[in-house]
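Take a look at the structure set out below.
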Amino acid sequence: MATVKLIEYEEASPEVKAVYDDIMTTRGIDWINNFWKAIAVQPDMLRRTWEGVKAVTAPGALDPLVKEMIYVAVSVTNGCEYCINSHTASARKKGMTDEMLGELMAVVGMANQTNALVTGFQVELDKVFQNGGRKP
Amino acid sequence: MATVKLIEYEEASPEVKAVYDDIMTTRGIDWINNFWKAIAVQPDMLRRTWEGVKAVTAPGALDPLVKEMIYVAVSVTNGCEYCINSHTASARKKGMTDEMLGELMAVVGMANQTNALVTGFQVELDKVFQNGGRKP
Amino acid sequence: MATVKLIEYEEASPEVKAVYDDIMTTRGIDWINNFWKAIAVQPDMLRRTWEGVKAVTAPGALDPLVKEMIYVAVSVTNGCEYCINSHTASARKKGMTDEMLGELMAVVGMANQTNALVTGFQVELDKVFQNGGRKP
Amino acid sequence: MATVKLIEYEEASPEVKAVYDDIMTTRGIDWINNFWKAIAVQPDMLRRTWEGVKAVTAPGALDPLVKEMIYVAVSVTNGCEYCINSHTASARKKGMTDEMLGELMAVVGMANQTNALVTGFQVELDKVFQNGGRKP
Amino acid sequence: MATVKLIEYEEASPEVKAVYDDIMTTRGIDWINNFWKAIAVQPDMLRRTWEGVKAVTAPGALDPLVKEMIYVAVSVTNGCEYCINSHTASARKKGMTDEMLGELMAVVGMANQTNALVTGFQVELDKVFQNGGRKP
Amino acid sequence: MATVKLIEYEEASPEVKAVYDDIMTTRGIDWINNFWKAIAVQPDMLRRTWEGVKAVTAPGALDPLVKEMIYVAVSVTNGCEYCINSHTASARKKGMTDEMLGELMAVVGMANQTNALVTGFQVELDKVFQNGGRKP
């Protein structure tokens, strides 16, 4: 269920069907997960979102598995249950082991802790870290 | 500045000095950044936090640069300015290029968008993603 | 269920009953939703919260439906399931169509993405935007 | 400043220049704000993000000013300083008065409060609100 | 500065002046901090917010210093710089020592870490903790 | 369930068993809650996290019940369902009454509201609050 009606392939408009087809082809699967069926309520949002997801998860300077783990890290910090489960599943399919998941969570946990401490004490940024260490 | 007095090396207790020494040795540097000087207000917190950070950033199943980028992803999602700048600087020192930073942010941006969409429509988790795709 | 006992109308104190009555009269309904029954654990909090909600959702410079959609946007960003569902329901009752909900979510999604990108790159505020564009 | 070098119009690649031109034409202005100059580090991200922002802020079922205020509501909840200032400025340009800004913030404030109360007491969703009040 | 004009005492309407007077009397001070001067843009919001803050910080089942520290904990988790600084200052005035602040932050830090771990692994709630341990 | 297999006492390694034993001894209970069984996927994370939780919840300058309520306040603000329920249950065991829980939530609610208002109007910090009121 969802706050909008999920749009199944059979009832989809040609514009929506084209996106569904591209999702299945790109991923080599024969089904569409609920996320896409929900945002299909606005075909333009569906198309743009899929283009974005497709672009950022494609191989590039970063490894696809690394990208998937970054996706999990953000989803955990936002507390998005659907996203944590779906991207953890995707990461496992791309080779993430229990050990890697354990390390990923250890980093995410420490990052959330030290983020809170820095913020809580209102620590001033060291000069050397300004602009993320970039030489102006 | 900060909401507590930063504790400089010279005035630190032996317990705090020992942690400062280990930080500098482990990182091959000769200075301590403000974060540690702030949390030194509670020496036990300083020691435990350093042990945690040291453990999760050490090489393991995940590459140290990957861990640093995961740290950045969490810090961005939490909006922690100090953390974003300091970990971006660390990632650059470990080899992150502008291209990699660009891809990292592209993933973080899309993840924050799709997290919001999934949550906004209250999309139900597909069965296949339950338990992060783990076979029970 | 909840972490406190929900207080039903029949067992409520006169102070709580008076708030329940005002909620039902103001909204033209004959039941009280769980939120109010939970915060009734502290009658003063119940009264103040209801006064606040009543005040901010009344017609004013902004349209009641617009206010309801703003409520949804905040609830999505906070990931509050109860709030998303209840305010989406209220917005529908006030005339929100699927198309409007789609556009609302499209904005919420893009805002969460660009918020993350601005923060991730630590972009400095352009002069012209200072003080929200207000002339000092 | 930012954690990446801002790309000015003069030094931009044709692909980036094309997006900059479209931003200026669409908005009827002759300058580019820092946000776009930062994400231009990855031209594809620049193009997709601009397409998204352009699409969601165009007139549709919702009024452009309403969309701008929704953008502000999300940015406040995320604590994004750049975003709050820039979108408040945009909303003012589209006609938002001090009174409207006051009401917007009153709703955002109450929403953040009641979100916390619902979550804090773990209030169970009333049946009538399930699926955002949508009839299945 | 702020995105609205701060309203000084001299130029305030009688309704706003009355709230300012009550703030100064209640707190035994002779000045108004910027927060109130900003939300005075909407006198009704000023009045309601002050009533709420006055009510929740008054002595009750919880000690005023404890309440102030809870305020700090929430502000840290939300990353609100103004709020962290002002409530840390208030807590210090009410007797919070560096040692207490250190312990407060140690708890806030661990809570943010374990929150992330629980969420990251999607841990199912133990039966005994349901409804916050309340017997139904 | 969880995204990793929960490790029961019987099947745990000696390192994990030692932590489980210390948890049960410290708390005077004969069972382990799901959180620890999940993070046991990485024994080092289990050990460090338990040491941290044990340290911050021990009596100190702050009362154990106060610490538990601070834990609840952070968990509410993060929206962590498991954490809210488990720490509310712990706080009740340590003496938190319904009245205290009501006051705790009233503070958490107001803090989330005023945090949003301060941020929404981008209120500048008063000089007297700088560094949390600490004299430099």
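Letters A, B, C, D, E and F name the chains as they come in the text, with residue numbers starting at 1 for each one.
In this section, a contact is a pair of C-beta atoms (placed from the backbone, for glycine too) under 8 Å apart; a residue touches a chain by one contact, two chains touch by 3 or more.
Because the structure is predicted, anything quoted here is derived from the model rather than measured.
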Requested in this report: Over half of the contact pairs shared by residue number: find the pair among E-F, A-E or B-D that meets that against D-E.
Outcome: B-D
Report task. Find the chain most remote from subunit B, comparing centres computed as mean CA coordinates. Result -> C
Query raised in the report: Which chain's mean C-alpha position is the greatest distance from subunit D's?
Result: F
Query - Geometric centre distance via CA averages, subunit D-subunit C, whole Å - result: 19
Report task. Please report how many Å separate the Cα centroid of subunit A from that of subunit C, as a whole number. Result -> 27
Query raised in the report: Where does subunit C touch two or more other chains at once, residue-wise?
Result: 1-5, 39, 41, 44-45, 49, 52, 55, 74, 76-81, 84-85, 88, 99, 102-106, 108-117, 119-122, 130-132, 134
Query raised in the report: Is the way these chains touch best called a line, a ring, a star, complete, or other?
Result: complete
Report summary line: The subunit C residues in contact with subunit F across the complex are 3-5, 39, 41-42, 44-45, 49, 74, 78-80, 131-132
Requested in this report: Using the touch definition up top, name the residues of subunit A that touch subunit D in the complex.
Outcome: 1-5, 44-45, 48, 51-52, 55, 130-132, 134, 136
Report summary line: Residue set of subunit C touching subunit A in the complex reads 79, 84-85, 88, 98-99, 101-103, 105-106, 109, 116, 122
Report task. In the complex, go through subunit A and note every residue touching subunit B. Result -> 1-4, 33-35, 38-39, 41, 45, 49, 52-53, 55-57, 60-62, 66-67, 69-71, 73-78, 80-86, 88-90, 92-93, 97, 99-100, 102-104, 106-115, 117-126, 128-134
Requested in this report: Spell out the residues on subunit E that touch subunit A in their complex, using ranges where they run on.
Outcome: 72, 76-77, 79, 81, 84-85, 104-105, 108-117, 119-122
